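All chains are identified by letter, namely A, B, C and D, in their written order; residue positions are counted from 1 within each chain.
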Amino acid sequence: MSPSSRYQVDAAQSRIDPSVTTVLTQTVARLLLVPIFMVALAILVKGYADVGDGFSAGVVAALGVLLQDVAFGYRAIGRLTIVRLAPYGALAGALIALGVTFVPVLTGEPLLRHRPGAGEPVAHLGALELITPVLFDIGVFLVVFGFAVGVIGMIARMHPRPIGPSRGTGATGGDEG
Amino acid sequence: MSLDLTVPLGLAWFAAIGLAFFDGRRAWAGWAAVAALATTLLGTVAVAVDVAHSGPRSVVAGGWPTTIGITLEADALGLTFALLSLSVLLVALTYEVVAGVQARGFPALVLAMATGLLGLCLTADLFNFYVFFEIAMVSAYVLTGYGDRPHQLRAATIFLIVNLLGSVLFLIAIAALYHLTGTLDMEQLAIRIPIVQTNPAILSATLIFVAFGIKLGLFPFHFWLAAVYTGTRPAVAAILSGALVNIGSYGLLRIGGGLLPRELEQGAPVLFALGAASILYGGLQAISCGDPREVLAYSSIGQAGYILVCLAIGGEAGYAAAVLFAVTNAINKTLLFLVVPLRGPWVAAAVTVGAASVAGIPPAAGFFGKAAVFRSTVADGNPAILTLLVAGSALSFIYMFQMVGRQDWATGDGVGPIWSDSHLPATRIIAGGVAVVVIGLGLWPEPLLVLSDAAATALIGRLP
Amino acid sequence: MTLLFAVAVAILFGSGAYLLLKHDLVRVVIGMVLISNAANLFIISAGLSRGQAPIYPLADGEPVSDPLVQAMTLTAIVISFGVAALLLALVYRVYTSHLSLDLDELAEADERDEAVRDLATLTGRQR
Amino acid sequence: MLAVPFSLLLFVSNGTLATSGNTMDGGWQFNPAASLLALAVLSGPLTWLVGRWRPGLAWVAGALLAGGGLTTTIVAIATGDSGVDVAWAPSWGLRLAFDLDGLARLYALLATGIGLLVVIYARRYVPLHLHHQGRDEREAGPFFAAFLLFMGAMLGLVMARDLIALFVFWDVTALASYLLISYDRQDANARASALMALLVTGISALGLLVAALLIEDRYGTFDLGAVIAAAEAGDHSLGLTTGILIVSAALAKSAQLPFHFWLPRAMAAPTPVSAYLHSAAMVAAGVFLIGRFYPLLATEPRLLDGLAVVGAGSMAISGVLATTRADIKQVLAYSTISQYGYVVLMLGLGGQGHYGAVAAVFYVVAHALAKTALFLTAGAVTEATGERRLDRMGGLWRSMPALAAGSGAAAAGLAALPLTVGFFKDELFFAAALERGPAAVAVAVGGATLTIVYIGRFWGGIFLGPRRATADPVPLALVGPVVVLGAAILLTGVVPGPVARLAEAAAAVSLREAMTVSPAYHLDTRPENLMALASFVLGGTLLATRRFWSPAAMGLARIGQRFGPARAYGRGLDGFERFSGAMRRVEVRDLRGRVATILLPAGVLVIIALIATPTRDAFSFGTIQRGDAGLVMILIATCGAGIASTLPRDHLSMALTVSGVGYCLAVTYALFGAPDVALVAVLVETMFALLFLGMLSLLPRRVLAEEAAEPENHHHGRRDAALAVIAGVIALVVSWSALSRPTFRESVAVDYIELAPDAHARDVVTVILTDFRGLDTMGEITVIGIAMLGIAGLLRRGRLR
């Protein structure tokens, strides 16, 4: 018996009991998702004016998604598309931030030279200032969100399928996809 | 127009993240990583050539005034270690790509480590140094577990926890230095630290020393090293012992020699003592090891002692010797870790070359590393240390050639196991290529000597 | 205050170190978290000024908290978070490959491996 | 190794090859020194490549290279001094400075001439040897490669004027001899012997390196010529330490007491190797070195006296031991030690104005011819009979007359019988001894007598007496070289002039003045002749009465085995191994120990640093302001939570308390005027708690419970507490010391606050993160990305989705 298969039996016996999730919590969780994303957006956008930045926004948004896990159980969130794609989002975010960092080098300027520069006028879109640091912050947001959601998603997909007739894809990490 | 010094950094960085999207086990991804790393190396060479002609260059991130933005500066010391680390990474990556990458993230991780090491060598900001240091370290944590065998996972656990402890100590020291001087810019720090009272400065210096001592594998902070070097795959062991270890030597030189020279001088007796202990301890331990990789691991502990002794001697000669020794040692260890799992006539020759280089037998490059250390000690006029170095060198003769003698490297008939999962001739050619470099640098050492002298001059010249 | 900060840092660091020395890998992870927390607290307390939050508009005459240490702390927190998550995953993986979270048992596995290696590689002493 | 020809081409194509000494001017001219240098560097690698390509042709390459070297040397002898001087590593002032002077020419002649003969011999011998051992004949390639590597190293060594270049070739000879002695890889004894030879000669060579560096430190140059000139100008004397280091390296190489023990062991090598390395080349390198440094060593007369003593001791002791050995190669090995004892003795005797140095080089030539022939004989005989012991041979002259004749001439040469070149070597030796008085004379006669005894026993034991073994016919190639050498010994015994001229030229380099010797036969009662006669009579008598004294000699041999340096070496290596094994057992092997061994020394270092620096006024308690009450409370709560998190048994409460620490810290940050940090701290703490619980939920509860419940060893408990206190003290001392300092007046933080509006922002922290120090943030998210890759690798074999 290989270590991992032995483990599966143990883990299956100890999984979180699905009966704790109720219809009420599920509904609340769904309903909360939108406001949480709004808050995250606000934190991100207002970062330059007030407390908060891409990082905290990312964590807030991730917590919103993860609230679903309290409601639906680990296995359910492992199947959400947003969760599955989150790691790629993280990498894309890193690429965006990296772009902001290094694109100025191509034009012969020092790296991380933001536009518009110091003292130059800034276009506004409501509270949002259209400056490259915001783009950078969006990159940070994506990385953090993608990381948090992605990792929880990975853990979720490690959970073995429930005992009894199974449905869905529940993979246990040991096999190739 | 000369190449901007941040271009290679950006290249490696983009490649690292870009490659993370794809499965690194595919051949094209592996070769793309090799190409990206080679381009980065070439770019760094271009920067180095430029610096050699027109002096150190620097750029402040964001175009802010210095000390506001993070300063990146390319000088001889940083570039020496950058070139060394990148070359080692390139060799190890190519080796693994040829042998067959086994994990999805491997190429991306190697490039991430290249980013970290390159950034570390370029940055002139203490906290930024820590950040790049962490990039390199985190990649190393992941790489140590590469292969996914139980012993590799154990090695990764040990490596991660011990080095994380070291990183935290380093971080505390950085914060303390900021509190004492009000700046993170290395140039400003070097100016301000002499004014700071000795007590807090030397305590911070002690923590920094411990942190880099852990990275370098100095006695008595080395206890993680043997298990990790022995447990990981050959390419990873080469990366750890040839590239990552440079953090230790470079950090001690840049921060110890460049920022805290007063504290370094005050600590010289301790450095001598620990260096001596390291040389003897590593050498003596290595003698009874049966596994060649373990011999190499303990040998690394001994070699770390040489670098420490050079630092304690200090001055331009001491620093130049430290750089030279660090460079040759890294190349030697890369060669040996890559070649030890292979068998064949070329392998027998390459192992002999590597062993000769570690023992400091010409015409291998290691000879000049050893000779430089001896020379700086002779100039320092310290017979006790000289005797110690000779003893350490004698020990390296014993353990290296016992290691060579224990196996039949040419055929592998019945003598000892072969660890490699792959016997492609190409891996042997790569290892043989490194051996040729070792011999080549031993026959024509001038580039190494010029580089190490320039590095030491750059370090000393920065002092206020 | 100076001493109080130092003592708080020391207690967190010491508690973390204490947990690092346990045989239970989960405790080791917690120890690492505590040690990182100690470092973060120290960075914040190493700020050169203490006062109002460094967000404009600033009230005149009142000291402003050092923003640089805050930025440093943020970076350090995030890095230690990432590494701690990695450590957690590693601990889990170690468990699945050894079916144990006990460092004593891991050390035994190390010794077994080493014995095998020594047998295989020590072929004939040279005298 | 490909870099070797490449780098050579590099400097040749630079056109910077400097030539000196040749008379022709203008245009290209043949420079023997440059050609020999090229051979020195290329021989080994070229032969190796040829061997890899066509193993059967390796010997051809070897013979061509050795022959080329021989021809070049002969040309050089005819044309006089030549040299090469090219910049090598200007940073250290190193030059590829090589002089083909008298001394170099003599040793080059030996190295190439005897090398050529041995290669021809080995061409047949090595395949036979491999065949006996059941090995593939293709393995002959590496043999010739190592052999030619050795020959090349000898050539480079003898010509080198730059001390570092000299050391390089010196060490290459050690490395090449290691490869050659361990050629029979499957034989543990051969490998151990090779290691011994390498350790003895290689470690003593470190002394030579140190000496070279000391010389550079004192004279400011690595150029031996310049050093000697400076020393002669009376600027500085060499220094006894430096001299002893050089001499020790030389004596170890020449297998003199107390380093001699490696040579008999090195007989594990195939016989052609023994013939070359251990009679003409490797051991010759040692006395060559003394000859090369002679002008410097002569500035320290005590050194020369020491040489004489060591030489006499080696000569006597190994001479006696040689009479006791049964293995024919062992007899020759001890004979070599003894013979080089003569040479060292002569060098010790022959300071300025004395005969010794000339006699020494003359002796080296004569000995090399004879000893090579004898070794090759031993190889041929063993090949023919399959025996190596003297007591199992005898009467072989009937089946191998040519071999018997050739080696007879060689034995006669070694025994210094008239009509051989050996006679003159002893005549010069006696002359040198006579200059130094009766004690030297007695030693000289004793040495000559011993030589006659053991060489007579050797030759007689093989070829005379009753026939004890049957001899198969051996190939001509195994006999030819012996006959050639025997003829050469007889020829030079009649016409010794050329050898004398060579020796004079060589000695002139050592002595820095011209010396002439005119070896000739004088049928009179001059003291030299009487000494020779005495040695013949004594030797003959001893040979005839061997039965009576051989038990005593055997006794001496046993004492030597019991207490000699070989024993010390073995014990030393054993001791190292045992000590190392003991160290390995106490080496820390578990993670906890590894953590402890960081904390403890770190604590010690911190305490040392604390004690070493003045602590007065270094620590201040700070003031508690009015608004700080909340901060004080929350810090105390943090401390409490920190301690509490070490207490719980089960993981869940542990997770909760550690989260408590995090939230307390978040409040601290908020009270500190750091709302951004506080926000992130809260969020990260929550996130981490989720991750932690998620991970715990993957682990079986049973395992967790067991793990949590398992009691900690009591002993460990106390140790852990002590280490935790140490860790706390480290943190306390460092942080308190740093925080106590009033800070620097100007701080970059002020600039950040001032510049933030320029960067279009109101939150200074955010602008630092995205703009001023955006590179840090970039790094930080990279760390996060790498961690994600790592986690994916660990949990899902790298799959991201």
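Everything below uses one rule, namely that a contact is a pair of C-beta atoms (placed from the backbone, for glycine too) under 8 Å apart; a residue touches a chain by one contact, two chains touch by 3 or more.
Bear in mind that the values here come from a model prediction, so they are computed numbers and not experimental data.
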A-B compared against C-D, more contacting pairs: C-D
CA centroid of chain A to CA centroid of chain B, Å: 36
Gap in Å, rounded to a whole number, between the CA centres of chain D and chain C: 44
Chain B-chain C separation of Cα centroids, rounded to whole Å: 24
Per-residue multi-chain contacts in chain D, two or more chains: 191-192, 195, 573, 577, 589, 591, 595, 675-676, 680, 684, 687, 691, 695, 698-699, 703, 730-731, 735, 738-740, 743-744, 747-749, 752, 755, 761-763, 765, 769, 771, 773-788, 790-792, 794-795, 797, 799
Per-residue multi-chain contacts in chain C, two or more chains: 20, 28, 38, 42, 46-48, 53, 55, 68-69, 72, 74-75, 78-79, 82-83, 85-86, 89-91, 93, 95, 97-99, 106, 110, 124, 126
Overlap residues in chain A, where contacts from two or more other chains coincide: 7, 50-51, 55, 88, 91, 94, 98, 101, 111-112, 114, 144, 147, 151
Topology of the chain contact graph, where touching chains are joined (line, ring, star, complete, other): complete
Complex contact set, residues of chain C against chain A: 53, 55, 74, 78, 82, 85, 89, 95-99
Touching residues (chain side chain D, partner chain C) in the complex: 188, 191-192, 195, 570, 573-574, 577, 589-592, 595-596, 599, 619-625, 628, 631-632, 635, 638-639, 642-643, 645-646, 651, 654-655, 658, 661-662, 665, 668-669, 672-677, 680-681, 684, 687-688, 691-692, 695-696, 698-699, 703-704, 707-708, 710, 712, 716, 719-721, 723-732, 735-736, 738-740, 743-744, 747-749, 752-753, 756-757, 761-765, 768-769, 773, 776-777, 779-781, 783-784, 786-788, 790-791, 794-795
Of chain D, residues touching chain A in the complex: 675-676, 679-680, 683-684, 686-687, 690-691, 694-695, 697-703, 755, 758-763, 765-767, 769-771, 774-775, 777-778, 781-782, 784-785, 787-788, 791-792, 795-797, 799-801
For the chain C and chain B complex, residues of the former touching the latter: 20, 25, 28, 32, 35-36, 38-39, 42-43, 46-48, 68-69, 72, 75-76, 79, 82-83, 86-87, 90-91, 93-94, 97-98, 106, 109-110, 113, 117-118, 120-124, 126
Chain A residues within the chain C interface of the complex: 3-4, 6-7, 50-51, 55, 144, 147, 151
